[in-house]
Each structure stands twice: as structure tokens, then as C-alpha cells.
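In the part that follows, the structures are each spelled out as C-alpha cells.
Presented sequentially are two complexes of chain A, the first with chain B as partner and the second with chain C.
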Partner chain A sequence: MSIKLTIMDEMARVAREHGKTLGQLDDDVALLDSGLDSLGLAVLVARLEDRLGLDPFTTSDDVQFPVTVGDFVKAYEHGSH
Partner chain B sequence: MSTAVIDAQPLRARVAGAAADACCFDRAASVRVADLVRGTCLCGGLATLSGRSVVIATTSQLTAALALIELDGVARRLLILPPDVDPDHLGALIAGAEIDAVVTDGTVPPQLAALPVRVVCIPSIVPLAERPRARGHTEWLLLTSGTTGVPKMVAHSISGLTAAIAPGASTEPVVWGTFYDIRRYGGLQILLRAVLGGASLVLSSAGEPVGEHLSRLARHGITHLSGTPSHWRRALMSPEIGKIAPRYVRLSGEIADQPVLDALRTMFPRAAVGHAYASTEAGVVFAVDDGCAGFPAAFLDHARNSVEVKIVDGALRIRSPGAALRYVGAGARIAALHDSDGFVDSGDMVERHGDRYFFVGRKGGIINIGGLKVHPEEVESVINAHPRVRMSLVRPKRSPFTGAIVVADIVLTAPFAAGDDEMELRDDILKLCRGALPRHKVPAAISFVPALAVAATGKLARRSA
Partner chain C sequence: MNDKPRNVLVTGASRGLGLAIARRLTAAGYRVIAVARSKSKPLTEAIAAVERDAHGSLHFAPFDLGKVEAIPDLVKNLRKEFGPLYGLVNNAAVGHDGALAVMHNSRIEELVRLNTLSPIVLTKYVVRAMMAEGAGRIVNVASIIGFTGYSGLAAYAATKAAMLGFTRSLAREVGRLGINVNAVAPGFLDTEMTHGLTGEQRERVIRRSALRRLADVDDVANAVEFLLGDQARSISGTVLTVDAGTTA
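And now, the complex of A and B:
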């Protein structure tokens, strides 16, 4: 599964567990409009670390807070190189 | 001392000196604070609240703010209910605080319906013919968030609550905003700063999305903005963040780490970014304005602004004119607020690296998830109820979005056998947690481990960070 598909799959799972409904997940959609709140996103990042072996937001000293869904996916794609 | 005379004045009298056009805003209303000098928002109920112990149980922050300004110096006690208080705890709280009146802006929760006096507060000021005489000092009761079960009630005086607020020296108009609810200690500090400084204040409305709140802050020309690191992380992820241009950015209520401080400095290159260390019990202890996480070790060398700080068993203790007076109600029977030297034990653990101290977590391992506290033992007891679990350790893991998140290490009664589905067991344990715990206490991730370290005390070894 590609990194992007893994992220989408895990987003759907976290949304289900938290009783949230995901909106359209185009790259330019604001992450906070994705349907997940801060806690949902925090859980998502912890789960993705298990699945992808990577947490691009806490391992780097220079954290860029992702604004859009595209930023979020890109952080993982860059981090895995 | 001249300051004592000023301090003795009730809050409403100090509004008189406020800038004439300073307003309090929320999404739906705006109120000119100086109008409170000759008016009231308590719908004719002000006189009946004189000398009473009043619970402020409004749905909106704005009406709570107005009622607090009017009732300081009038009521005997003001018990401030934060919006997230558990209705099941209301009975114990009003009994413990000897409450005999409620101020509301809508429906009164059934637990408060039997109180003898009920007064409605509206977000608009009407002229008042005769104001009841100030009856002296009002005791302010705030709730702590660090406990399981009924929150503790902490008593403050208005002079203590305003001890850390320096007289305003700003020549340019100030517009304060707060992500933090004013019915919690951190938010209340911002309300008091705005009132005493004659500044306008922009409050959020219940359920208002971050983006809309930020756009509204921008429309009001926000200059000073305060929130927890988690509030700020959430704001930094909102596309609307670029609309605001504060001169002063303040963080408090959680550990401010270097990434969030750096991200704010990058976002607002011209703003002063400061993090304040404060707690409901200890009051405002200090503010750190050098843009770095932690605080200079020199802060411990001598009292600063009459606040003394020392370290006992790795945790900060504070003696301060801004500290609370005591616990009230059931909390007072369990714990004294001060030690024998008058210091308050903050429970906040620090470690020294070079010439700075850094916050490493809470004594007793309490985990702070975006401002909500979690006792690891509570989560462990739920996990341990699963038939396949021998023991578990719940610990914090750093998160860019909420400061920390709960994760669990679990030892099973028997190791995985062939045919066991690890994923299925993990889901089963999580389902158990979701059924018994609020969302922020459910572990974000579970690891199955062969063993957990046990300390010499016979207790699970918990790292302090």
C-alpha cells in the first residue's frame, strides 16, 4: 500500500473509532476540516508511527505544523526517504 | 501602602478607569465594559445576590465575565463552573461551597434547580437606579482539573488573582483574545488583565470552529492572544492563522516545548512570544520571555515579583501573594494547600540541563492531553480487566497536536500462540477502553511487551517524563 493510501486507511479507521465523519480528503483541504479534531490527529500520528515506522512531526527539531491534507501526506513521503 | 487601597476596590470600581470604548465581544454580542459602572446585566437580581454564595453557571463566557465583574465585592462567594464540569459533581460542589444562589443565562441544570435564588444574566447592560453597597471581600472559587472524581475547589481573593498583573503601560490600544475559557484559571487571568488594563477582550463562543474564531479575532484587530500550547498548535494548523497579527503571544497551562515556540516565532516574527507558568493553586509564578523552553535556573536564586520558587523532590514549590488561600469543601479535608512554610507544591517536575530548568511532567505521572488530565492508573485498571492482560503501563507519548497522547504497554497472561491474531486482541482491548473511558483517555497505541519494570517500592516503574 502506498504511504498515501495507508494514511487514508488509518484516517478512516480513527474517524470510525471516534465517531467522526470524514469529509472530502483532497490535498488542499484544511486538515482541521478533514473531520478529525486535534485528538483524532494525535491518535492518527501515533498509529501511523506503528504502521510506517515514522513520526515526521516529533522526530524533527524543526516542526512544520501541517495545514492541509496534502502537507500532512507530504511530511510522511519526505520523511520516509 | 497605596496598592492595598487599590486592591481593596471591587472589580467593578476598577472598570471605571477603563478606556471608555473597551468592549467584551463574543460571536453574538458586544458589551461596553465601562457601562457596568452605572448599569447591570443581572436583570434586577443584583441586590438579591448581595452577601450570597453564588454559582456562576452560564453557557456563555461573556455573561460569566459580566456577572463576575458585577458581583466581586457584592457576593460572599463566587463559584465559577467551567463549561466541561461533570453534572454528576454539581451536588457535591454546591454543598461543599455552601452555595445558595445561581446565575444563569439559560436553562439551569436540574442539580441546581433547588437553589433558593436564581438570577438571569444577559449580554447587555441596562441602567441601574441604586447599587447595593459593596459588602467587602468576595471569595472566588475555581475548580482544579488535575483530579479524578469531584474536582477540588480552590479559594482565591481578588488581590491574589490580580497580584501578577502589572499596571498597563501600553500607549497603543490593546485588544486581548483568549483560546482558554475564562472560567478556568488561565483564561480568568486574561479577563482580569483586560478589565484592569482597560482593554477590549474577544471571547470564543461555545462550539465555535477554530477558523471562525481566528477570523473574528482578526476582525477585532487582536493585539494580545493567549492559549495553551495545544490551542496554539491547533491554531497553527488553521489556514486562517495568517489573518491575525498579534504583538504579544502568550502560552500557559501546559509545557511549552521548543517546536511550538519556534513555530509561533516564525508565524509572527514581530510578536513577543512568552510562556507563563501558572496553576490554579499556585497562581501565576513567572513568565519566560526569551523564546526558549524551560526557564533560567537563576529564577530560583531570589524572589521575583514577591514570588519565591524552590525545588523539593524534583517538583516546584511556590510561595506567592498570587497563590490560592486554601481548598474549600471536601478537598479541604483531604489536603492542605500549603506546606508548613507556606509553599504550595505544584506537582510539576523539573530537570536541570546547563543553566536552565525544563518541565518533565507531573508528579504521580498525571498526563496532560491538550489540557485534560489523565491518571495512568485509571486507564490501566480498565485494560487490566481484560482476561488476557496480566499487567499494563500507561504512559505519555509526545504529540505535536495535543502535547501528549496516552499509549499503553501490555504484558499478556500467556504469550501469543500460533493462530493468535494480534490485531484482533488489540482491537478488543481498545473496544473495552472506549466503552469505559472518555475519548482522550483511550490509548492511541498499544504495544505488547514481554515484561514491565517494577521499582523497589513494588510499584510499576514510571518514568517522570
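And now, the complex of A and C:
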């Protein structure tokens, strides 16, 4: 499964567990409009660290958390190289 | 206790209160991971004693908690080795005392780094693992000095008051994921940390306590065990004071 598909899969799982409905996940959609709240995003990052063995937000020097879905996926794609 | 032992990380577990907590939790059947810079003689003995008895288990994880930048890898490696973490006891701390006006800046910085920054960052990485599991318990060891005054402990008091605020807000943040966050606030204990206390100061603390004695490390360890246990499932964001009535 590609990194992007893994992220989408995990987003759907977290949304289901938290009783949320995911919206359209286009690249330019803001993460906080995706249907997950900040706590849901935190759970997502924790789960992705287990699945991908990677936490791009600890290893990166960038202190800003990504705003859009596209930037979020990119952080993982860059982090895996 | 479930058939599978619950993993609990205890920091500063090589001596004093941390060692007492590690011993108590091991006796209660937990699998305790004792984090400390070095393996003290009492910790080595405690590990050997556990191997003789059929209680929980006690493991040593060498780590200098002052190395905040290495904490993410520590947690990653511990999870790999031990599996899901059920509990975290943030006990490690230093107790530098002295008049603030002449306390060296490096000592102040060390207090904040070890007593506040390090446990907050450690909790960040451990709580993420708990979030992924949807369950967990965190107990922060604060101090009555976090809410009462004691001359010579201003910087120390600031770090402990910080942990009380941290406890309450984090409890709100992660509560709906099934994670409880509490603090214990010990009074003066007879440990290496309070060796600087003169006999007269010690007598004064005892005179002022409702029970006319000091609480000991086992009293505090019992409180930590309670907060980690199933009986405390509805307790979160609170501070359990164990001070023989000093602040009553």
C-alpha cells in the first residue's frame, strides 16, 4: 500500500472510531476540515508511526504542523526518503 | 490483573521513591520498566528478588532523562522491546535547594530540564502510544511544595507546580481516549533528596503534620499503585496528597 493510501486508510479508521464523517480528502482541503479534530489528528500521527515506522514531525526542523491534506501526505513521503 | 502483564514505565527508579514505586508495582503484578541513568545496588537487588519470587517483573532501561532530544528513540525502542505501555510514572527529579538569589543559573536550568521539560516530552511520546491503544494511565510525581511555600525551594516549587498544571490540562486533552492523568503530591520524605534538611527543620515538619510524623516512600508508592489500578478508573485530573497531614 502506498504511503498516501495508508494515510487515507488510517484516517478512515480513526474517523470511524471517533464517530466522525470524513469529507472529501483533496490535497488542498485543510486538515481540520477533513472531519478529524486535533485529537483525531494526534491519534492518526501515533498510528502512522506504528504503521510506517516514521514520525516526520519529530525528525523535521519545521515546527509548523501541516495545514492541508496534501502537505500532510507530503511530510510522510519526504520523511520516508 | 489481566493474564498479560501491563507495562509501566517508572522514571528515576534506581533509588528513593522511584525504587519504592517500582518494587510496589512489581509486587502488584505489573511489568515494570525502570528508567534511570545507572543501575544502583538496591535496584540490582530488587531485580534479583523479583526473579526469585513469582510476581510481576522488573527491567532496567538505562537512560539519562536530561537528554531530551533522545527521548523519542527511547520510547520507540521500549515499545519495540516490551509492547504497549499501559502506565507511565514520571518520578525522576532533582531537588536542588538554596536561596534563589545565589543559585547558579545552570542549577536552575537543570531543575527545569529534569523536573519539567523532560517529563513533558517523555509524556508526549508515551501518550501517543497510549492514544493508539485507546487506554493508559499517567501519574506525575509532584510535591506539596508545588502548592505550599518553602524557603529555599522556589525554583524546585516552580517545576512541581508546573507538573500540577500539566496534569490537569492533559487529563482534559486525552480523557476521551480512555487515558487517565493524575498526580501525587508527597510531603517531605526521608530520601536522598531531603538529606539537606537539618534535624531541626525535620522536627518542625513533623510537629506541623497532623499525624506527627513524615509519610514514607511506601505510602506514596501505595498511592501510585491505586491511581494505576482498575479501582481508580473514574479518577482523572486530580492530585492525591500523601503528606501525613502536613498541609491539612
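Here is the rule we use: the second predicted complex is superposed on the first by the 80 of 81 C-alpha atoms of A that agree within 3 Å, B and C clash if a C-alpha of one lies under 4 Å from a C-alpha of the other, contacts with A are read in each partner's own complex, and residues count from 1 in each chain.
Methods note: a contact is a pair of C-beta atoms (placed from the backbone, for glycine too) under 8 Å apart; a residue touches a chain by one contact, two chains touch by 3 or more.
Note that the coordinates shown come from a computational prediction; the quantities given were computed from them, not determined experimentally.
Colleague: For chain A, which side has the bigger count of touched residues, chain B or chain C?
Modeller: Counting residues of chain A touched by each partner, the higher count goes to B.
Colleague: With both complexes overlaid on chain A, does A:32 touch chain B (first), chain C (second), both or neither?
Modeller: In the superposed model, A:32 contacts chain B only, not chain C.
Colleague: Give one of first, second, both or neither to describe whether A:65 is in contact with chain B, with chain C, with both, or with none.
Modeller: In the superposition, A:65 touches chain B alone.
Colleague: Contact-wise, after the overlay, does A:57 reach chain B, chain C, both or neither (first, second, both, neither)?
Modeller: In the superposed model, A:57 contacts chain B only, not chain C.
Colleague: Contacts for A:45 in the overlay, against chain B (first) and chain C (second): which applies, first, second, both or neither?
Modeller: Touch partners of A:45: chain B and chain C.
Colleague: Could you tell me which stretches of chain A are touched by chain B in one complex and by chain C in the other?
Modeller: 17, 39, 42-43, 45-47, 49-50, 58
Colleague: Taking the touch rule as given, give the residues of chain C at its contact with chain A in the complex, in rising order.
Modeller: 72, 128-129, 131-132, 134, 173-174, 176-177
Colleague: For chain A, which residues are in contact with chain B within the complex?
Modeller: My answer: residues 17-18, 30-33, 38-39, 41-43, 45-47, 49-50, 57-58, 61-68.
Colleague: Which part of chain B faces chain A closely enough to touch in the complex?
Modeller: Interface residues on chain B, with respect to chain A: 209-211, 230, 233-234, 236-239, 258-260, 262-263, 369-370, 397-402, 405, 407, 430, 434, 439-440, 444-445.
Colleague: Flag every residue of chain A that touches chain C in the complex, lowest number first.
Modeller: So the residues of chain A touching chain C come out as 17, 39, 42-43, 45-47, 49-50, 55, 58.
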